[in-house]
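Think of it as A, B, C and D in the order they're written, each chain with its own count starting at 1.
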């Protein structure tokens, strides 16, 4: 296949990109300067050598020193008693915009409802080991408010509550509050959200 | 003005209706049977004589007996210890889809941020009297999760907490829980919702 | 049924209105003044007595004099050599925003692809009689650029071209030009539109 | 800057890509296999060496032989009497989905309304030379139906009609037909499109 067609089909596999936009990407690159193409090409190649997955939270980060920990896990000023468990790296980026100051753990996926072997979909074993080693006072299960998120949360909760799984350590386990999200109106809230908001009234 | 133009301009004032849809409504009526037009005309007229505003919760209802109370306020099986305060009738329709079984009070509006006389925008005096008379164990302030909703909630809270305003009665006052609404993903939640969800974790 | 529920279900049959908006309409009327309700009720009722369908073009209009013709058909300054055939009244409102100055004829519908008796769906007989009487120099078939519009256009064209149908009169019959509509970009035009635009190049 | 941040900011410059999607692209690459990253990196680099811009129509193509012409310009079976002038490569991809069988010329841009030196925005000189050398029977100006497209079309038309500009050669110059695009309804057409459709009736 020609590089134009080949690259188009590679871009089509990018998240959220269809055939038309993939072709526009290639056109963009064709009319860009050789220096810019060289830069992009180089940066993509160096992802493999200059980035690493944090040994503690499993988030991807850029290797700047010889540290095997990402900047958050390596930051002494973060609140080490809190461990926020999320599905993916992008969730961390978003939570960092709030004023949370604790640590994270990236599950790397979510457990489908019909999954027979949950641990094939998320880093369950790694989470248990992380909990055992880090011994946070509280583990916050920051899964999305979806059916799969709830399913994943329940499976993790069950495992974390078995002392045998965490070397005898029993952390407090919490889940994010459910209710009206900022900006939403009562008239348009779904019944489940109203029930959660009612149950979590304060 | 002709009835076609007059009716078009009347429909334009309906909530959410623009000039084009207003004209389509008139076309729809023009090509409908005289019997249907007669029916609609009659029903609109009879709203004034066959409906009433509940003397207790201020919701509109159809007069079926001589009762001055709406079907919910008149229902002996509703939980009388809970009073759910909402902005408008449509909020009640929506909350009724959840499993809430208590009573309601309709404020009839929301207080704009810059309002100098809050009581001109909502039924504040009526709410205080309702609280004093009904003496519910708990008043749930079910305002929307918007800036104006928060503002209205704070003003009501303040008044309800002054015993002088409610004849010495001090009910428990609660607000709906904030957090991730059902179906929402952590990656796309706004910082304020994340902070609320974190603060309301359980 | 109560007037609130009855009116809600009547509004749900209005074009483009769902259950939620129908309820909002009723709320809007409930909280409106009795005078406004009276006005709307009256205007809807008077549609039957104060409006009429034009004897020539079949458009609905407000009766202001004893004329059986709508203001356009009765206007001596309109160009009588042009007859613009449209599906519905709203099309006339839109064409009037352009600088067209001729006459109209409203078909009152469109012929479904599988229709066995086309004349049951549109005013075909009336159009033929109108053509015979008015004898315009040109009949413009202003159907929508959809499959059903094309189908309707072909059936009308065929009939209009049979002299026996129009009392021996043979008008020029034309269709609206197809091509790029104002504001559309070549990159996103569909193949059919490109072919039409290419075929109609000038 | 780290390769993660650097690559994110490079992807943000891709057409239609914002910060969030740029980050998702980087995540996608981080969790892809080194072989896939290597492939993408290589294909981007080889765009510079394995692709070329056609010497005749200025479209980008993959060099497969030593030809300096793209596959369309080099195809002996295309209709050489027709030259379809478009703004960009993607327009050709779209026109090729119709049944057009002639040649193309890519302007490489569009002339902004306020441009003082039009030839700095499009390949005007190259088009004139192409017209002089290829001597097509007809040049179709396939600009978008936008204000800038019309502006560009008028400037090109003027130049192409000066014999001194094209070595004495006077081709027929045409523009794409305007009117209702396929699928559009008369009720929602804008006045300008209705006037174009009326003017181009047939």
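Here is the rule we go by: a contact is a pair of C-beta atoms (placed from the backbone, for glycine too) under 8 Å apart; a residue touches a chain by one contact, two chains touch by 3 or more.
The chain list, named the UniProt way, goes like this: A, B, C, D = Recombination protein RecR.
Predicted model, so just to flag it, every value in this text is computed and none were measured.
Participant: Going only between touching chains, how few steps reach chain D from chain B?
Facilitator: Graph distance in the chain contact network comes out at 2.
Participant: Among the chains, which one keeps its Cα centre farthest from the Cα centre of chain B?
Facilitator: The chain farthest from chain B, judged by C-alpha centres, is D.
Participant: Roughly how many whole angstrom separate the Cα centroids of chain A and chain D?
Facilitator: Those two chain centres are 40 Å apart.
Participant: Quick check on chain A: which residues sit in contact with 2+ other chains?
Facilitator: Residues 88, 90 of chain A touch two or more partner chains.
Participant: What residues of chain D sit close enough to touch chain C in their complex?
Facilitator: Those residues of chain D that touch chain C are 86-88, 90-91, 94-95, 97-100, 140, 142-146, 149, 174-202.
Participant: Please give the residue numbers of chain D that touch chain A in the complex, ascending.
Facilitator: Residues in contact with chain A: 2-7, 10, 14-16, 20-21, 23-31, 34, 36-48, 50-51, 60-62, 64, 88-90, 93.
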